[in-house]
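By letter and in written order, the chains are A, B, C, D and E; residue numbering begins at 1 in each of them.
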Amino acid sequence: MIKQFFVILILSIVGYFLVDAFFKVPFGEKRDNVGNYYIEKSPVDLKVSNSVTAIVVNYRGFDTLGEVTVLFLAATGLGSIMYRRKQKGEKEVRAKNPSSRIIQIGSQILFPMIILLGGYVFIHGHLSPGGGFQGGAIIATASLLMLISYRKFKVSHNAITWIESIAGVVFASLGFIGLVLGRTFLENFLPTGELNDLLSGGIIGIIYIAVGFKVASELTGVIDTVLLNNRPEAQKEN
Amino acid sequence: MVISPVQYIAIPLMAAFLIPLFGKLNKDLARIIPGLVLLYLSYISVVLMNQIISSNTIIVEIIAGWRPPWGINLVFSPLTGFLASMFSMLGFVIWMYTYNFKPEVDNAQKQKFYVLFMMLITGATGIVLTGDIFNLFVFLEITAISAYSLTAFYRERDGAEAAFKYLLIGSFSSTLILLAILLLYTQVGTLNMAEIALKMPGVDPFMKGVILILFFVGFGIESELFPLNGWSPDVYTQAPGPIGAIFAGMVVKAGIYGLVRVVFTLFDVKEILPLLVIIGMITMAVAEVIALRQGKLKRMLAYSSIGQMGLVAVAFGIGTHDSVFAAIFLMFNHAIIKGMLFLSGTYLVYNSTEKTLDDVDGIGKHLPFTSFLFALGALAIVGMPPFAGFWSKLYLLMAAADVRLMTVIAIILVVSVIEIVYYFRVIHRIYFRERISTIELKIPSFNAKLAMFILAIIIVAVGVYPDLISGFIERATTDLLDKQSYIQSVLSVGLK
Amino acid sequence: MNEFLTISFYGTAIVLMLIGLYAALAKKNLLKIVIGLSIIDSGLHLLFVAVGFISNGTAPIFSPEVLESAQQMVDPVPQALVLTAIVIGFATTAVALALVIRLYKHHNTAAIDEIKNLKW
Amino acid sequence: MNSLILLLILVFGGALFSYLLNKFLPILRDGFVVLLMLLVNYVFFTMDSSTQIDFEMGGIHLQWAFTSAAFLFGIIVSILGLLSIIYSTAYMKGKDRLGYFYMNFLFSIGSMLGILMSRDLISLFFFWEIMTWSSYFIVIYSGKDVDKRGLKYIVFSAIGAYSMLMAIVIIYGFTGSFLLTDIFDSIFAIKASYQLAIAILLMIGFGVKSALMPLHVWAPGAYSGSPMSFTALFSGALSKMGVFGFALVLFNLVSNQNWLVNEVIAWLAAITAVLATFYAVIQSDAKKLLAYSSIAQLGYIVIGLASGTYLGVMAGLFLAVLHAVFKGTLFMAVGAVERQAGTTDMTKVSGLIRKMPWTFTASLISIIALAGIPPLGGFVGKWMLYEALITSDHYYLVIMVFLSSTAAFLYSYRILFGLFLGQEEPEFAHVKEAPLPMLIPMLLLSGISVLSGTFPGFILEPIQDAMVVFGFDSRIPNIEWWQLTVLFNSWGDKVVLQNVMIAIMGVFLIALAFITIKGYRKQRYVTTKDISSSGEIIQPEDNMTFQIDFYKPFERAIWPLLKRRIDDYYTDLGNGLEALFDLVRRIYNGNGQFYAIYVMAFLALLLIAGTKYFGF
Amino acid sequence: MIWLVIPVIVLVMMTIGAAIYAVVSKNLLYAVVSTGVVSLGLSLMFFILQAPDVALTEAAIGVALTTIIFIITIRNTTIKECCDEKKSKIESKKGELK
């Protein structure tokens, strides 16, 4: 019990200081920070209407490259942690009994629509809200839906690795092209076109599509790895 | 392609994405790529280092074409350059060691191992090179995630337990750092370190204090200061051998670099330095004392590595020019010597599960080369004269004497006596005991021996003639302490 | 009105973080700890976005009708940072849960104080 | 090339080369090592004393030069080094890992020369550390309970070395330089308390090496445990480094107003002399006995130095040189006995005079020198010491020194009688005389101790110019190298006592030769077994020699001392520390959540403290 | 801005209530679902704070994917928050220092 009491004491101290610090920050008040520059510049320079995407992909593109690597490492790390040598003659059975008919029919209808929505979200990343991460996640939920409702729905790891690597290489090589052209890494070397039309924003659109594919394949891979290794009856053997 | 600091990070990332593909073509290509990448990085380190030394300027590379306060930039200054090139060269040597380290691991795992191995080094190099605080956080996360997965790599050990503890405390560290970055953004309005340092005097003291404490604890976890280093002994023991060397050599160094960059460049608050000295001394005392009572070899090396990090923290805490010089020299020495101790130590206790000191008895006759290098490393880390450790400890003591910190000198020396006792105890057991344990020994492969031998050569070379390194370290010290030139050169890039 | 919004958003964020902290520090079950961690993350993300909000500003997207009305825009930078933070939080949680599974398989218990092979 | 660097390269390079040589052509090893030492001696003695080098290393200015004081100790190191190397070529025949042994042997000789030639504190510390770990590797070379011995040795020498380093760094802090020359003239500008601290720390550093009482715990184990050829060098020359350091500190770094330091050191040394002699008397193993006796002798030397008068310092240095000579012989003799007879336990072996006559004569002469009996050098040294102490009216010190030197007579008789005289044990019938390379060094050294008795001048000459370096420039006039004038300077008259002394020495030598030859031939061969006892049958295995508790009454007399030795205090301290450290280990109790709680508690603490104390 | 008060109060109550229930509940499945509800509340709050991108991400990743991984983990471990207090106390005390 003393542990709980001690933890609560610490929490109250830390909480007091957090509240004290954050309530000194005025809420909802315009401060002069880097954000205003981005708001003015992103429609003018990059012709990108969604300034958050502009920041995420171009102004702070290095973060996103790091971000994509974190996801890639999480997938690899997960694979190495959950890795188990394949004993001979072992079937990958995901769920004990097939899910009910309603889910199967529903998912048949929903699956293409979710994929479409996902695709729309990350293709129009620089116009409407959303982008590579959100689109990829939506597609991952689509494949998740199929994985749950159908026992024999199998996601081929080979395909996932291919998409993942190619998308990553596209992203990195787009960066390198900027460097090769003598300017800087991840430079926006394509013409930026008009505001609010599909091809505006130079390489931002392409990068976000690559990120979208990568995130989609990686998240599906993550879920599949975790789902695959938990055969209920094979749990106790090691 | 023009040689620029961004390649430190871009090329390994590209290689990491490609390794799964190449893995499909033929199996051991996945093992060769990290070596090639690290070799290339060492090459560009040499080119860049003599570029900044000959022209006496700092290379500031902007990314995505936007000038610093708005875009992210990399800074290749004498300090960050020295650390980045040390990381890549040490990484290449350790890669040579791991080339055929554990053949029985099957291929899918080995491929993942090498991806994570390379990303660990790139993360550490990224932390050191970046000039943007949120980018520092992202690279910290890359290092952390690959560290968690690598710690839990072997199935037969308690890797999962160590990794979970590290993850639990590591996520606390990233939460605190994120909080600090957020508060900093509200006060200063920018994420670029140079800009922050410029605007820092305007921040009100209470907020500055809270932000500094959050950063201190956040980076303190990464650099193994006393109350925050619960995770490190377990992680060192459970991670594969070479990964332990990378932890000691790079990950912890990047952690303490982050702390130092925040304290020395971002903030101009000098009150935190005495705290750093006190915490450093407590870390040193506690870690060395526990190492004395340790029964297991790798856990002993882990605690001794924490003790050395405490020493580095004390050196940075004193804050004068000489003490920072001693601190960077200590960091360099510790990375090389502790790296070699871990590399050779792994082969001493290769097949034993419990890895206790009894398995090491009388191994001198069976593994003469490895145990000789281990003994050399032990003598060096303790600070015996003909080796590198002596000079760094001496410079630190001289710096402490200049500012009349007698208790600091006394405690450092008492701790060194403790260190001598438990390292000589191990050397004694290696050479002067009969071998009774029946664990069959693994003879290190040729490239492992070569890797260890290179490290030994560096130790002796620096020990006999310290001026090899002190030139670089002198520049790194002036670069760290001279805040104005850092701000001026970063903010003025691309203006002309 | 503004006062109420401050208390509600900053307040919820900090309370969420404290609840998550309590779960991570006081609860014995491994899964509860990971839940605690993810709640801390959620609180943090809310804090990020709440800091960037400007009262009666619009989302930082230049859809055609917004261009004319030239309304104030919310600060986009915290939103960009939060995007990265959410995905990193997810990655850490995924790795944590994988470790929880392996720990449970190895020790057959989900209580953290029974998993103590590595000590002293 | 500068002869100093040549000297070092010769020794250290030779050491590494001998290690390789032993790996590939072991037969050449012994010859090479002896040749190397001869070369080193040649370079050392033919070097003109003004050679000096200054160079820059790691940003620190180092300076090497042989002052006359260093030259005096250099003589001890090189000659004793040469003789003990010759001795060890025979003594170590047939043992394994000889390359490793000779490398460390030569490393310690080289580091001793390095200490002597260094004129700045950093290279002094540099060579001191190399001496420490190279001698450590020989101490744990072989023998029983190596762990405890090695651990004790390394702990104490580490404490000594690091307290010395602390003093060096503090000096640097105040004076800003490591060079001895500008330290000596700027040391007195520092605050008195820091001067005292520096003096005490340096005292600890050098006290460990010269085995002063509270720090002597490692000495008996190390001296008796390591191979006898190294112990001769160990106690003869290595401990003199401590003495050299004492001389350096006592005369240059300690200003005359805190004379208390000299008094305390003198008293410590006196207590060491008395206690060590008492422990030596009750030992039954010859090696342990000699170990304690060399601690006692070192005590005399330090008393001499600490007395501070001209005559006292001269006595100290004279005894230092002489101690190297006769202690070297004694350890070599005991080594010869150990090698030939297999054991040095005096209760088992006795009556070796018939089998090892030359070893007997060498140890007889050095025993006489050790005990301070008139014709030999020991007497001269002791006499000067008494006179110095009396004239500077340290009366209690004189009483203690007198007490310990009479007790010294007890154990010197014991070792002579125990090993060589008395009835002969049947199982030691096979013992043969020690091989020639062992005998030559012993006889040479005993010859020197005889010479120093009659003509102390030839040792006092270098001592006197060494004293100039220590700041005593008033020399006793017209000391010819052969004259014994020092003896009667207080008597004033100038009768030519010299010839009387030579006559006495002649008579002494003839008597000595006569007794040994006559005794040797006519000795009635009686084993310990044929003792007539009333009706009780003596089994061959029970040991009837009277050696067993030779000094039982003496032991009973000093039993309060024996009850609680200093070792036990150290072991108690050790156990207490270990219990405390185990408590500290409990912090890492393995539960990940506790570590997280530590982090948060630390954060909370910092936040509270931060706002209050750091005044953010 | 006034019409914001009611939805904000509802959302705040919902999120904090779900968070507390997630910590307190003995049944892990309910705890995980309530974590999903917390993410949902968060996503809606982001919508109010004019951050559509983040709301979408939080919805997609926070609600959907994080919850599903938690549920998969529960399948592999226990559903009940087991481990009574007493057993763990005794066992943890012994164990000598090696």
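For this structure, a couple of remarks:
Operating definition for what follows: a contact is a pair of C-beta atoms (placed from the backbone, for glycine too) under 8 Å apart; a residue touches a chain by one contact, two chains touch by 3 or more.
Everything quoted here is computed from the prediction, not taken from an experiment.
Using CA-based centroids throughout, the chain positioned farthest away from subunit E is D. Most remote from subunit B, judged by the distance between CA-atom centroids, is D. Legend note: the chain whose CA centroid lies nearest the centroid of all displayed protein CA atoms is B. For the pair subunit B and subunit C, the distance between mean C-alpha positions equals 29 Å. A separation of 16 Å divides the Cα centre of subunit A from that of subunit C.
For the pair subunit C and subunit D, the distance between mean C-alpha positions equals 70 Å.
Here the spacing of subunit A and subunit B, counted between their Cα centres, is 30 Å. Within subunit E, the positions touching two or more other chains are listed as 51-53, 57, 61, 65, 69, 72-73, 76, 92, 97-98. Residue positions 5, 9, 11, 17, 21-22, 24-25, 28, 30, 33, 47, 50-53, 55, 57, 59, 61, 77-79, 81, 83-84, 86-88, 90-92, 94-95, 97, 99-102, 105, 113, 115-120 of subunit C are each in touch with at least two other chains.
In subunit A, the residues that reach two or more other chains under the touch definition are 3, 7, 10-11, 14, 17-18, 22, 25, 31, 33-34, 38, 50, 52, 60, 63, 66-67, 70, 73-74, 77-78, 81, 129, 133, 222, 226, 230, 235. Interface residues of subunit C, counted against subunit D in their complex, comprise 21, 24-25, 28, 33, 112-113, 115-120.
Residues of subunit E touching subunit C in their complex: 1-2, 4-5, 8-9, 12, 15-16, 19-20, 22-23, 28, 31-32, 35, 38-39, 42, 45-46, 49-54, 57-58, 61-62, 65-66, 69-70, 72-74, 76-78, 81-83, 88, 91-92, 95, 97-98. Per the touch definition, subunit A reaches subunit E in the complex via residues 50, 52-53, 121, 129-131, 133-134, 137-138, 140-141, 144, 219, 222-223, 226-227, 230, 232, 235. Interface of subunit E with subunit A (complex): residues 51-53, 55-57, 60-61, 64-65, 68-69, 72-73, 75-76.
For subunit C in complex with subunit A, the touching residues are 2, 5-6, 9-11, 13-14, 17-18, 21-22, 25-26, 47, 50-55, 57, 59-64, 67, 72-73, 75-81, 83-84, 86-88, 90-92, 94-95, 97-99, 101-102, 105.
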